[in-house]
Every structure is written in C-alpha cells, then in structure tokens.
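These are the structures, in structure tokens.
After this come two complexes, each holding subunit A, first together with subunit B and then together with subunit C.
Then we have the complex of A and B:
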C-alpha cells in the first residue's frame, strides 16, 4: 500500500491512493504475464534446437566387414600402401562386375591414391553403423554407452560422430544413411526459392502499389482486397493442388521446358523446379501483397502531398517517395513470406517433388527435391540413422534460412531511408 | 473589390467544392491580384484549406472531393478536362501547414522538384538561388548534404518554401505556414513573404489576425453559412477589412467576438 506522503487527507486523495496501488498491482501482473510468455517462447525454441542437436551428434558403434588390419600386405597397413596395391586389394575383394564398372567409370591410372583408398574403405572394409546414441547419452552416460556397445557388439568400435559434415553437404542422396547427403536438396531448395522470389516479389509489390496508390474505393476493389486477405489463410496443400492443375498439367509444355527445346518432348513432364517455385510463389503472393500494402500505408501522407504539390506525377511520387520509404517494411514482409516458402513440404509433394534423385538440378526445368522434402522422407524411415541425418538436414535448413534472412536484413538496412 | 485595371493572377468563379454529398464551400467568387498577398481568414472548418487547395487541384487527392464552377488562370479554367493537374501544380506551388521536407538531403529537397519537372539548367545555381530566395542559404550552405529533417521547424518551413520557388511557380499557396513556428521564425517567414511578393502571387490561410493585417494586401473573410457550408463573407483590401469592414460578422470575427 502506498501512503499519502503529501498529507492532504481529502476524500478525493484517499480514493486516489487506494486506487493507485491497485493500478500499480495490475501493472506488475501484466508485466509478469508478458515476461512469462516471452520466456515460454524462448524455452520452446531452445528445446527444439536441443532436440535437433541431440540427434545430430553422438556416439556410434561401427562394425567392419573385414578388419583393415587383415588387408595389410607384408605388414604394411592399408593407410600406407601404394595405389597399385590398393587396386589389387579391390580386385581380390569385390565382385568382378563391380570392379569392371568402377574401372569403366574412370580408369585406375587416372584416379588419385586417396580416391582409391576411399573406395577400399567403402567397398572392402565396408563399415556399417550398428547402433547410435544420442548426444545426451554420449555426454552424460558415456561409460554406459561403451559398456552397452561392448556387450552387444563385441567386434564393433565406438566412435563419436557428427552426422553434419562437409561430406554430408557435398554428397547427393543415397539409400544408405551413412553415405547420404543433402547436396541435391540444398541446390533444389535454392533454385526453387530463387524462382519463388523472382515470381512473387515483383507481382506482390506491384499489386500492393496498385491497390494502395491507384485503386479507388469501388466495390470491385474491395472484393479483391477481401479475397487477398482470405487467400493468405488458405491451407498450403490447396496451393499444391492448384499448382498441379495449372503449372504441372495445363502449362506442361512450358514448365517442362519442351517449348524451349530443352528436353525430349516424349519424356518431358511438368514436375520441375519452375512448377514448384511458381506454386510456392502463389502461396506467398497474398502475404507479400498484404505486408507491402501495410508498409506503403505507413508512409506519411504529408510526403505524398508534398510531392504532388511540386508537380510530380503519381508514378514519380510512388517511385521517388513512397517506395524508398516503404522498402524496409516491404523487405521485412518478404523475408517472413519467403521463410515460410522455404519450409513448405505439402504443396511440393503434390506438385511432384522427386522422392529419390542423385543428380544436381541444373536449371528451372530440372526434376527436384528440397530440404524439407528430404527431411520429411528421412524421418519416415524406420532405421535410426535416418533420424540422425534428418536432424543434420534440419540444421542445414535452419542455417540456410538464417543466412537468407541475414542477407535480406542487410539489404533492408542498406536501402531504407530514415525519418 | 479589386480595381479593373489590376492584373489578376487567378480567379474563382461560382466555385463550389464538395466532399461526397457535403458541400464544403459554396459559390465563391474571388479575384486574386498578381504580385500581391491575399489572406484567407475565417473560423475553423469554414473551408479555407479546401478553398486554397482548389487553386492547384490538390483537393483531387481526396477521392470523394469534386468541384463545380471555374477557376480561371490566364483565362483558362483549370478544371477543364484538357488541363493536366500536374501542370497546374507546377505553376501554382504549395507550402503546407506542417513543414514536410522530403527525407532527403537539403540539396535534393530543393533540386528534386525542378528535376522531375524537367529543369535542364545548372542545378547548383538553382539550389543556391532558391535557398537564398527563401532566406535560409546562410544557415544551410555548409551542410547541403544533411538530411532536411535535421533542421529546426522554422528552417524546415523555409526549406519547403525554397523547394517551392525552385520550380518557379507563378502563385504560391500557403496553408497556415507559421502555425507550427515560434514568433521569431514566424517573423522570418513574414518578411520572406513580403520579399517573395515582388516576384510571386501569394495566397495565405492564417488564423492569426495580426499576421493577416501585417503581411497581406487583400483579405478574404470566409464564414460558415447554412448547413455548415463555407461562404465568402467579405473580400477587399486588407486596410479596409481591418479598419472599416462592410459586414458586422467580419468585424465581430476580427475583433475576436466569435470564431
């Protein structure tokens, strides 16, 4: 309770004081509520991140098909053997067909010693992960992990593994989790997002400029506005169905690249990067329009009046005053929208993302897969190791998202004018 | 009323201005004399700003606004369909109540209007002349690349005047240009208006009776008529309006008995 320090005990000041402490109290309660909600948000994010990290790193038990020591020739371990000896080991231990295929891919003389050594390890030693442990277990129950491994897999070695590695980034998809990577998916995501931005950003900003600066308040324009607001809430799978109907089917000649003579018309189909990018573009178009409209609305009207008052045309006013002052808000909205597009899975599944491709996309008319699709497919697999690489891929996706957002924020700070 | 042989800069004939169904100003006939300062005074909401904006078609920025009657400029009705409002606004410049420089450098504030209007001459000279014309050159000549918003309110308003004269208009409209300024800055602007009236025709809306009496040559007193519509109650030379008005309402307003 606060006391009346001014000692003017009139009825009015009594009422004021009893009221004052309750006002402060409710202020404190709300302050606490806001702090708590922020805290809950931060905790949720931390748990999410820890959960991903938990699967990305940890001990694994590896069993070799052939002990590398047994491959030593005259006591020289394979690490130090000459390239010719390594080829000989390969010839002795793999099937004739595989040996010939490897040779026809690239003759032995043209391969480096390191490449052949890697082949020996992969094909002859053939290490397989027999068990994995989470990061938590690996740190807090280290002894138990080793004990368990020794009991269950007497012939296995236990090593600490980071599933996220440069090899993971650089290798394409593979049916074996130890050899699988996200290269194809990263490139697919980058291509798709590039198409999405190129398609949705100019269209969205253009529509926002039209609606804010040119359109008059007619029933038709109001209807359009209402529609755009509602489209922002349509489930993404609906956009997938739309994309399938329009881009994959109706515009197949264009989206498959057949009209440009890029592919063989008999095998061409519209399940390409450009279909995916435009589908995601449609998905985020309403978001970009609404955000850009808000940014344009926030430009003070006095600025437009000043510009018109100087004898500027509407376009000069928009280009020289409205857009420069709205650009920071427009880019913020675009960042949010594009972040959403990067993480989308459902519409791309409908549009026809490939479930398994190992070659890099080389343009808008390639087949594609994206990081979220890859993650989704891996998490659906029964083997434990797929969960590990899915977690690693999630980290890659987060890193991609963060670096794209950082770029956009840099751009925004560079081009925004300050009042 | 203005004498016959006096040259007119712009003239409103039977001008009524509407916002949707609401008639804000009714059948105004007002002659603005060349190279003189005309003050528009009157109670709040009687349509002074609306009337002022009618002279350069700025009312059109309000989607519901429309006009009836004529505004003659060089004998041409600026509301004729073949007249481009962009051209009107270049010839009839405007200074607003709240200083609104662009968030650009001082130099660009002045140069921008001239540039978009296709000015081809030496821009540095134009900027210097305009800033001198607005009596702000000495204060800003060392910081032309600073943001216009970094200036004080009074300086910002003079910058806005400089940017208006840079497009070389015939007429300058000023809507309560000193209402956001302190008395010293106000005096600066008033002196400036006297100087500018040698080259320009100025129409100023003001709530300050002394200001109207001090700077203007002619005064138009607007009042609220039936249905809260604005009407031109009395118009004449400032001396006459302030010393010996024809209408009782004018005298009441000027002496502060209402409004």
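Then we have the complex of A and C:
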C-alpha cells in the first residue's frame, strides 16, 4: 500500500518537475514584460519632457538687416554709444512716420538708454531668425550646424538661443515669433483661475459638507451623489459647449459686463474672462466635491459625537470641529482640481478665447487668452519658430503646475492630522 | 453639579425642568433659523451639480432639436428665366445649377413650392404653388431659387458625408475617426496599463512602488495640449521615419491615437492597481501554498478576482479616449474624412467641435447648431460608458471580508 503511494508520487513528481522549468521560464519572461511596460511608461514621460526641452533651446541662425558694426559712430560700437547718438541712428534709419510715432508714444528724453538701444536693435538692426536647430543637434552635431549655417546663410551669425527668457515672460503676444511673449497669456490664466476658485470653491465645499454631514439617505440625495460621480466623467469639451450656451449667450448681458456699464455695450460680447472662469468652475466642481468629501470623511466620527454631546448644533460641530480638521485635505484636493483647470484648453476654445490680443486683461469682463490656448495656437502654426515658443510656453505651464502640486504635497504633509 | 444632572435625569419625561437653584431649563427643541438657512444654502450647493446636468441636457437638447427641425434654404444657383404670375405652375429656370427632384420643396422669394417634375436638360420645372401654407405671389425674372434642406435623424446616423454648409449631415466620418483614435489608444493603453498595474501590485518592492507611482501620476497631470504638441512634433515624425513619408501623412489618426494611449496609461494602471491591491493576501498565499509560481498567482488568481475593477477601468478609459480633444485637434488633422487608413488625416467629433467654434461662431447658424448635436451624441456615448462601468463594478465585484 505504502509503496503504491510512493510510486504514484514519483510519477506525479516527474510530471511536476518536467513542467517546472518551463513554468519558471514563462514566469521570468512575463516578469520582464511587466517590468518593461512600466519602463515604457517612464520612458514616455522622459521623452515628452526631452522633446519640449529639445525645442526650447538650441542654435539659431540670425540675419541682420544692417550689420551693427556698420552703425558704429567714430569707431564706437552701438553698445557703448550715448543715448543721443542712438536716437540719431534711429532717425537716420527708420521712416519719418515711424520715428514720429515712437516719439509720440514716449518722448526720447523720458526713455532710458536701454530702451532706446532695444529699439535700435529691433527697428534698425532688425535681426530675423532664418533657421533653428534643436538642442540635440546643437549639442551632438555642433560642427555640422555651423557648417550648414555657413553654407546656407553666409550672412547670418549663429548663436545659442534660449526661447524661454525673462523677455519671453514679460512681453505680450506678437505676430513675429522672435518678439512674442506669454505675458497676456499668463495674466489671462491667473485671472481665469481666480474666477474659477471664487466660483467653485465655496460651492464645492458647501456641497461636500451637505452630502457628508447633512444628507440623509433619501432618493434626492442619492441622485445628487450619483450625479456628481457621473459629471466627473463628462468630457471637458461638453462643459465648453454648456458655457457657450449659458454664460456666453444666455447670460451675455451679465458676462459681457454690459449690466454694470463697464464696457461699451455695442462691442461687448460674452466671450470674456468671467465666462471662461465659470465654465472651468463647473468643470472642476465635481472634482472639488469628491476630494472635499474624502477629506471630511477622514475626520473621525467620535469628534462629531463629542461635539454633539457638549450640546453643539450641527453647524457649530461642522464649523468648529469638522472643517478645521479637514481643511488641509480640502485645500490639497482643491489645488489638484485647480491645476487641472489651468491646463484645460478645449472648453476655453469653445467658450471663445481670443486668438490674438496684445493688451493685458484688466478685469473679469475683458477678452482673454490663456497659456494652454497660446500653446495650442502656436503649435498649430506651420513655422518652426512657433514650435520653439510653444515649447517655451509649455515649460512655463509645467513650472506653474509643478509649483502648485508641490504646494499641495507640502500642505498635505505639513498640516494633515493623523487620527 | 452632580445634583443638577440628577434632577434633569429624573425629570426626563418633562421638557421643562427645574434645577437645584430653581432655575428653569427649557429642553424642548428650539427652532433655529440660522441652522435651517445654512442647511438650505448647503443643499443648494449640492443641487448645483443637478442643475449642471439639467443645463447640459437642456441646452444640448434644445439646440440639437433646432438642428434637426429647422428648415434651411440652400442656394441652387438657378434663377427664373421669365416672370411668372400667381397661376403659372410650369416655368423655365436656368439650366445650370444644383439638381432637384420631384417632391423637393423649393422657395422663390417668400413663397414655397413643391416640385412635381423637373426637366434638367431644358430647365423646365413643374410645381405645386403655395406649399407649406405660404402666400402665392407673382415673381419677376431673375429671382433666385432655393431648395429646402432638413437634417433627418436617419441621415445623421447613416450618411458618410459631413459638410453642413452644403447640406451633408452624416455623423459617420466624425464618429469613425473618433472610434479609430480611441481604438488605437486602447491598443496602446490596455496592455501597458494592465502590465504596469500587475507589476506595481504583485512584483514591485515597496520602495520601487513609492518611486514609480508618483512618476506615473505626473504623467497623468500633464495638460493634454502638451500631449498634442508631443504627438505633432515627436510621434508623427517618428512614425514617418519608420513607415515612410509617403505612407504617413503629417496629420494622421494613428499618432493622435498612440499619444492618447500614453495619456490614459496612468489612468488604467492606477484604477487597475487599486482593484488588484484590494484582493486579500490570503488568496495569494493559498495559491503559493498550492505550488503556483508568482506569475500563475497573478494571472490565474489575483487578476480574475479583481476583474470587475479592471473592466471598469478599461471602460472609463475608453470613455476618456472618446472625449479627448486637444490631442486630436492638434495632431489628427482638420476636415471630416471617412477613411479607415490610420495614417491619413481625419477629424474626430471633438476635433470638429474645437475647429468650428475656434473662429467667431455666429449664433443660430447651421454650424452653431451642429456642434450641439455632436456634443449631445458625445455626451450620451460617454455617459453610457460611465454608467456601464459603475454597473460592472457593482454587479461583478467579489466581496471579501
């Protein structure tokens, strides 16, 4: 009897052992596959960032209309010339109309030497970028870049350019990529986000408090909860269409500022910052509610019971005990939701972002453009230089988002209470 | 103090009690107006979400309804060749222009007419005057003919041409492009996302997980317009250099689809990983105890146990891929195009909405109404997918204690 079992075992064990190595092999192969997939995800992120950096920096070939050396007076190069001489150069080289226009904008005496020097460079020397190279080419094929530039553009000088610069941040939009900046777009983004927060934060937190602290299990409360979960999955462009129909069109009198008499009623339309901000507010409302609900849920029930036991009303309990303990979670969730709003493009295109404005937005009723919109418009242009400034704008946007997320993480680590 | 409490407890039946110092305490429920107002305000905050949904359905529905019911008049490029009085039913029109068929409604001036017969070669048209209860009037030589177009639901869902300006209203070119980019995205995201989830939940050490997860979260937090830039400036040139410049065009659905896939990898992986991590450790230990390898445990025990969560993640990912806008607007090309070739440009539903509304769109034009019709269709598509995913989770979830 016992021998039988032993024999059976050997037979089984042989089958088991013959199979074992192939099982282990497939185990190893799949382990590798899973690891490789994770690696691909990381590589995708790296390539995406490198691709942006690749276009932000690199050599450019610049051709000057007039060689700056030719403008030197008595052998003194223009970098060292006095203000008066620079004005003289301007007068000699630009048309009379332009010279008068520049003077009427601001008299020469009131301008600093640096400003006039910049004008001379922009209007007289007038450098134009004739070719650009990516950062990769600039680092690894440096000699080839110089050779190619010398062959194709004999009159051009080759210099290393960072498209992302302080001037890029400070100048408004321009049809020429070399002089375009993101100032209007950054201000537009900040204005829009301010409106979004003012609109969505109180509503979102209020709704979360209602659902967590007040709502009993009635059909209408269940409906609200399901509805919020479903709204979070609606594509952002649908919110854009909703914003177009409601804020831009139906509430045009209000969103154009005509009700308040702030703008000329004949030219006003609803495609303003306040429409954009409220559209984004509706978009992130479900996210804020869901995040705030999580934060409120994390506050232990014993705290509420203790407060009720002391005779506090429901609102007193919420205001003095639940909210102070949930506030870090609520703020973290809100920042994450807002950083989603900053990156949104599609709904704003539908709501009607302006394609080209050069003046700073001066209030909720002015026309707007935002950073993502600017990136979209520059990316859609065929010229290479616009790709470069789009990449630079992407870096600005990513830096903005990164700093917001870092703030959120700091808040969470610093103020979160463990129960 | 103790005495006071005692007094109160001994008089619980009464709502007005007297304490030991002969002060009366009113324990009846007081109506607190402040509390009620606050509760009403908070309820309103919650109700805003319902109002949003109602707003979406109402506005999209209203404008779509006018898209499907408004009668539009299209120029036929034909004019009257001679003046006609109130009784003429057969008259000459110019011989060139768009064709008309018996049964069509045409309009001259304010009067609508129904075409009875039309001789295209000689340009003679026979009509029934005063159709659609319009007043019969005389018309002068040289007046223009307009033909009526109406968008029918049947045409909307069956036709393969979309060009509202000249009367083609088939959603298929847009829908087809949407389905193509979404399919490409899923081919990329599903295997990769699931593999990453299995790796993170079953293989990775705690330390590796704590590094890898935030990186994937960063990937999820990058704005979609940046992915659009990536698709156009990296993925398309890459595809073109691999497959040849004559095969792959500058704007194509394949590169947009692949990049959407990369965009939704973190979503698939994090939702699937949550589902995998929720499977209790005991199941894994039992499998190991029976001699299963790590792979066998993962594939044959853990994944089946978490299948509801994984399927839900897939469905939500599909819905996200369908609604994705900026990547396709930048990289998939402009202009509706009914094609099954992923290397040719084609405009998706979302891409079309963005392009049409990008300019200054005039209200109540056919383009304005059409974006609402497309939007409504898109809304119901994604809503259905989201509801299905919630059902799947509820229905097929394995509950462990």
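Keep this in mind: the second predicted complex is superposed on the first by the 362 of 419 C-alpha atoms of A that agree within 3 Å, B and C clash if a C-alpha of one lies under 4 Å from a C-alpha of the other, contacts with A are read in each partner's own complex, and residues count from 1 in each chain.
Going forward, contacts are C-beta pairs under 8 Å (C-beta built on N, C-alpha and C of every residue); 3 or more make two chains touch, one makes a residue touch a chain.
All values reported here derive from a predicted model rather than from experimental measurement.
Looking at the shared chain after the overlay, A:323 reaches neither subunit B nor subunit C. With both structures placed on the common chain, the touch criterion links A:282 to subunit C but leaves subunit B unconnected.
In the overlay built on the shared chain, the residue A:216 is in contact with subunit B alone; subunit C does not reach it.
By the touch criterion stated above, A:305 is placed in contact with subunit B alone, subunit C being left untouched. Applying the stated contact rule after C-alpha superposition, one finds that A:331 touches neither subunit B nor subunit C. Put subunit B and subunit C next to each other and count what each touches on subunit A; the higher total goes to C. Of the two partner chains placed by superposition, subunit B and subunit C are both touched by A:313.
Once the two complexes are laid over each other on the shared chain, residue contacts for A:26 go to subunit C alone; subunit B is not touched. Overlap of the subunit B and subunit C interfaces on subunit A comprises residues 313. Within the complex formed with subunit A, the residues of subunit B that make contact are 56, 58, 61, 63, 86-87, 89-90, 93-94, 96, 98, 100-104, 112-113, 116-117, 147, 149, 160, 163-164, 167.
Every residue of subunit C that touches subunit A in the complex is listed here, in rising order: 32, 34-35, 38-39, 41-50, 52-53, 55-56, 59-60, 63, 191-192, 195-196, 198-200, 202-204, 212, 215-216, 218-219, 221-230, 232-234, 262, 265-266, 269, 291, 293-296, 299, 316, 319-320, 322-326, 329-330, 350, 353-354, 357-358, 360-361, 363, 371-372, 375, 378-379, 382-383, 386-387, 390.
The part of subunit A that touches subunit C in the complex is made up of residues 16, 23-24, 26-27, 30-31, 33-38, 40-42, 44-45, 47-48, 51-52, 55, 202-207, 209-211, 214-215, 221, 223-224, 227-231, 233-238, 240-242, 244-246, 249, 282, 285-286, 289, 313-315, 339-340, 342-346, 349-350, 352, 355, 372, 375-376, 379-380, 387, 390-391, 394, 397-398, 401, 405. The touching residues of subunit A, when paired with subunit B in their complex, are 216-217, 300, 302-313, 316, 320-321, 325, 417-419.
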